[in-house]
Amino acid sequence: MGKPSWTERVVSALRVRRFVIRATLAELLGTFLLVTFGNGSVAQVVLSREDKGTFLSINWAYGIGVVIGVYASWGVSGAHLNPAVSLTMAVLGKLRWVYLPCYVMAQMIGAFLSAVCVYIVYYDALVNFDGGTRAVLGVNGTGGIFCTYPQDYLSIGSGVLDQVVGTALLLCGVLALTDAKNNKVTAGMEPLLVGLLVFAIGTSFGFNCGYAINPARDLGPRIFTAMAGWGLEVFRAGNHWWWVPIVGPLIGGLVGGLIYTLMVALHHPEEEDNESVHGSPELQDVKVPEGGVANAAMEDLHSNTIV
Amino acid sequence: MGKPSWTERVVSALRVRRFVIRATLAELLGTFLLVTFGNGSVAQVVLSREDKGTFLSINWAYGIGVVIGVYASWGVSGAHLNPAVSLTMAVLGKLRWVYLPCYVMAQMIGAFLSAVCVYIVYYDALVNFDGGTRAVLGVNGTGGIFCTYPQDYLSIGSGVLDQVVGTALLLCGVLALTDAKNNKVTAGMEPLLVGLLVFAIGTSFGFNCGYAINPARDLGPRIFTAMAGWGLEVFRAGNHWWWVPIVGPLIGGLVGGLIYTLMVALHHPEEEDNESVHGSPELQDVKVPEGGVANAAMEDLHSNTIV
Amino acid sequence: MGKPSWTERVVSALRVRRFVIRATLAELLGTFLLVTFGNGSVAQVVLSREDKGTFLSINWAYGIGVVIGVYASWGVSGAHLNPAVSLTMAVLGKLRWVYLPCYVMAQMIGAFLSAVCVYIVYYDALVNFDGGTRAVLGVNGTGGIFCTYPQDYLSIGSGVLDQVVGTALLLCGVLALTDAKNNKVTAGMEPLLVGLLVFAIGTSFGFNCGYAINPARDLGPRIFTAMAGWGLEVFRAGNHWWWVPIVGPLIGGLVGGLIYTLMVALHHPEEEDNESVHGSPELQDVKVPEGGVANAAMEDLHSNTIV
Amino acid sequence: MGKPSWTERVVSALRVRRFVIRATLAELLGTFLLVTFGNGSVAQVVLSREDKGTFLSINWAYGIGVVIGVYASWGVSGAHLNPAVSLTMAVLGKLRWVYLPCYVMAQMIGAFLSAVCVYIVYYDALVNFDGGTRAVLGVNGTGGIFCTYPQDYLSIGSGVLDQVVGTALLLCGVLALTDAKNNKVTAGMEPLLVGLLVFAIGTSFGFNCGYAINPARDLGPRIFTAMAGWGLEVFRAGNHWWWVPIVGPLIGGLVGGLIYTLMVALHHPEEEDNESVHGSPELQDVKVPEGGVANAAMEDLHSNTIV
């Protein structure tokens, strides 16, 4: 009612009201958090020579990094944090195509900045580890802290397949966890479950090439390492591996989206089926009631399948 | 109102409206996801010679694989993902007997396909591990990636007992977690808790013979390995072990269902008891109110037992 | 309306309507589940010589065993599963004293039966491990699978203190997690958090003497081992250690209950304070609204402390 | 109505009605619980020479210690448990400045008392470990059980940076998890997620200097060790390291608060924007509805961004 205070005027001047800018900032912060926790844990394991962590602690840190990153951006941008997710959502009609470049750019920048953060926090440890001579691979190699490289035995074709499968599992799981017509995850806990999903991918499909399953998470920090002393070897290593964690996830996301849609999402009974006399009794019975907390516990769903 | 678009016509043509087909598809996908995460993690541990995981990471991956598989199918089919669960539910009157063959077949196919997926993703690693000579057991044995084999010390009788106990714990736990008259798990979190239950079984009863506790999870991938290069040794190994993870779980599920029913479920106060003047005060007081979120916290339940 | 069916008559004949019997059965089953998962995991770690688990997997199995055991009995008996909890609840007026002996007896029997279950499932592994010569302690000792023994360095006095502190943390935590006037844990998730609490006690106060913190969990299986081949050494070992995990937890539970009551529970604003004109503004503001889901998020609580 | 009973009179005499005293007691208890679980696990790992735990079990114990500590104090004081959190909340206008000294003092005393508790529970183990000669660092050093010391390679400047980054991640995460305008974490589960956040910081930024990220958690126990036999070496070690985990977190908390505010919190659409004709459609659409359970699942948020 009165005159705005000094604080209010500063806040008002800084406030962004356009959705696309707000979403871009949120995607940037969310991806930054996700990759900072994730790659921070890789740095801790590598630089302590597994004294302060193991592959399992990397799996946990990436999983919970997803949880924190998603909560930081969920209500603003939808928390994609991954170009493969954004592309799939655009194809499924859940993201306007015009926003896609903004989302992807924000994810790239967030992942790049996370590499800067991990680098400066662990700079002393890096120097202590390799004596100042940066190597991508090998016993003193530290390239794997920031982006993924394949095992020696892995062919490029199998690498692409690995990334396709890993990202298909990710998108299939994300769509299941957020499909309100399938089940009602307690509203607000979806990010925790998505984090556990990423944890599970890391424990089951992390051996071949480190489960990037996210082009921004991999390319952003890779570009940083090229600039920060590791050189262009980061693009040459693993038989020019760098493009695989970009192309594989983009394909895999679509594959996962297609599988969940064809196997489950497409067949949910529609609203009209309820009123329709043509709907079979089962169709009407099994439908989870919409609105309100899901009080149709597993029990109810089962008993509904019984005449 | 207008003419349906091209997309709408395709969707409409592909859409399945019969419950039994939708449920079959969902059980197939759910079991596929469960076993893919689970056996993917076994592959990662075995093929990396425990460098990228341990028995504990297998426990986690199987547990969270259950969580994802259940969420992917819960609202459609009830998320059994296990013939032992389906059989017990049929006996308890929670699944129509006529659906049982469809459920079991879907679970078998899903588990079989998951073996295909794990095999192709880890094909290069397999070749690198054993030089191309598939062996079921031994230092280069990889049969255990796909299905379970007993420890050397285990007799067949003890193996059956192990599977009966493990599956009885599973079903007893599942019935407790979904018994709305016992307690109100926050609606929508049941799958997470069932996943933790499977994790706990794996950490406590996984030593003797790898906690199959699921005929489809074990037989489906076993058939695949018989076809894919491991040969009929997969059925002969462990003194013709293969039938134990089928028969044991089917019995164990019923045992677990019986125990929970006799110990707890049977004795819940019925609706009529409330209006009845014959009901003891305790019976009426302790009953958890139905409908709505469980606001009868532990505290309330206790105070109700006090005069 | 018509005549009761055969099934209905059997069910009706078996159904127990008295609260105290239903609660006794539920406590028995819940404690059985808790200790079966817990001691099963100890057996797995000991008998596999840490190949299929570590101390951390025991911590997880005991934590999640609590979760499953609590859900199996929560709505019926309040899920004490521990004489130290039952005693503290009786002192705090949350359990009728007359029920206390029934609860404790049920917990003892449940823990005893769990030892039978773990023993028969792992009988072959036991024989394989020690060649049939049961020893309580030492390199082939297996007494620690069933009940707790102190480290060599531990004096009896320090052992009692350890059990008092561990159980005080348990009860203080349980009272906090179920104190509806302090915070609203999402209704239905309390058992998960109590399980994490037990996990945390095991990771922080499990070294001295294995965190029994539960007289029934320790004494029941100890009696079983005395009968099943380990002999009376189970009572003599550790300078007659056996009474410490009984007395310590009973004292510790009361200490924990006292601490939480004096530090927090006693000072919650009462209902009348709201209407009272004497109540300070803070008292009225900070009170969490009762009824319905807690929509007073952390944020709100903070802002309420600001004028 | 009648005369108050003896119990009621004692309770009434002991009851504290002033908010600031109740909050002080709750902060003291909450911080005590947090650090007792956390440092108890460090003691277990150090004194068992990693036989009963690893760095990962310390991460879990500190994470779940946060969960328990927060639930014990949340509804009373807001559960800061950390001077860096209290300072940031005061700057953000979420804690009255006049309460800040009480909160910080309570946190310091709680952390100090937790060191007493860990010391007496593990006194026998300490003597067994070092033969009675207390050393801060080295192979028999036990100073690290109670407070943090840097790795040899770490410069003071990098140490400050490490603490700033770690605490910035903490505060950024806490603000995201409790920002009701961003997303609706299922009401009541925020403490669990904050615990996972601390776990993630420990797995990713725990190598350099042990992630104190909390001045009270570090200084309180350090003062205790100075008094209890480790001497003033606890202040001299690591090139007079002791002030870094005090100054770093205080700065880092503000940095994290600033980042989340500038990137996300500042830009949430205001209430008035809804009625305003100037608000862009996106602004109105994406806003999460206030009040009631968040039924705006991820799906809805996405679909709202589509015209």
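Labels for the chains are A, B, C and D, by order of writing; each one numbers its residues from 1.
Methods note: a contact is a pair of C-beta atoms (placed from the backbone, for glycine too) under 8 Å apart; a residue touches a chain by one contact, two chains touch by 3 or more.
Going by UniProt, the chains are A, B, C, D = AQP9 protein.
As the structure is a computational prediction, the values presented were derived from the model and not from experiment.
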* Using the contact definition stated above, find the chains touching both chain A and chain D. => none
* Asked: Nearest 5 degrees, what's the C-alpha rotation angle taking chain A to chain B?
  -> 90
* Measuring between mean CA coordinates, which chain is farthest from chain D? -> B
* Centre distance in Å when chain B and chain C are each reduced to the mean of their C-alpha atoms -> 26
* Structure fact -> Rounded to the nearest Å, the gap between Cα centres of chain A and chain C is 37
* Asked: What parts of chain A, by residue number, touch at least two of the other chains?
  -> 56, 179, 185-187, 189, 293
* Chain pairs that touch, all of them, please. => A-B, A-D, B-C, C-D
* **Of chain B, residues touching chain C in the complex** => 55-56, 59, 151, 153-155, 158, 161-162, 165, 169, 172-173, 176-177, 179, 181-187, 189, 193, 196-197, 199-201, 203-208, 259-260, 262-264, 266-269, 273, 279-280, 282-283, 286, 288, 293-295, 297-303, 305-307
* Residue ranges of chain B in contact with chain A within the complex -> 11, 14-23, 25-26, 28-29, 33, 36-41, 43-44, 47-48, 51-54, 56-58, 60-61, 64-65, 67-68, 71-76, 78-79, 89, 93-96, 99, 117, 120-125, 127-128, 178-180, 185-192, 291-293
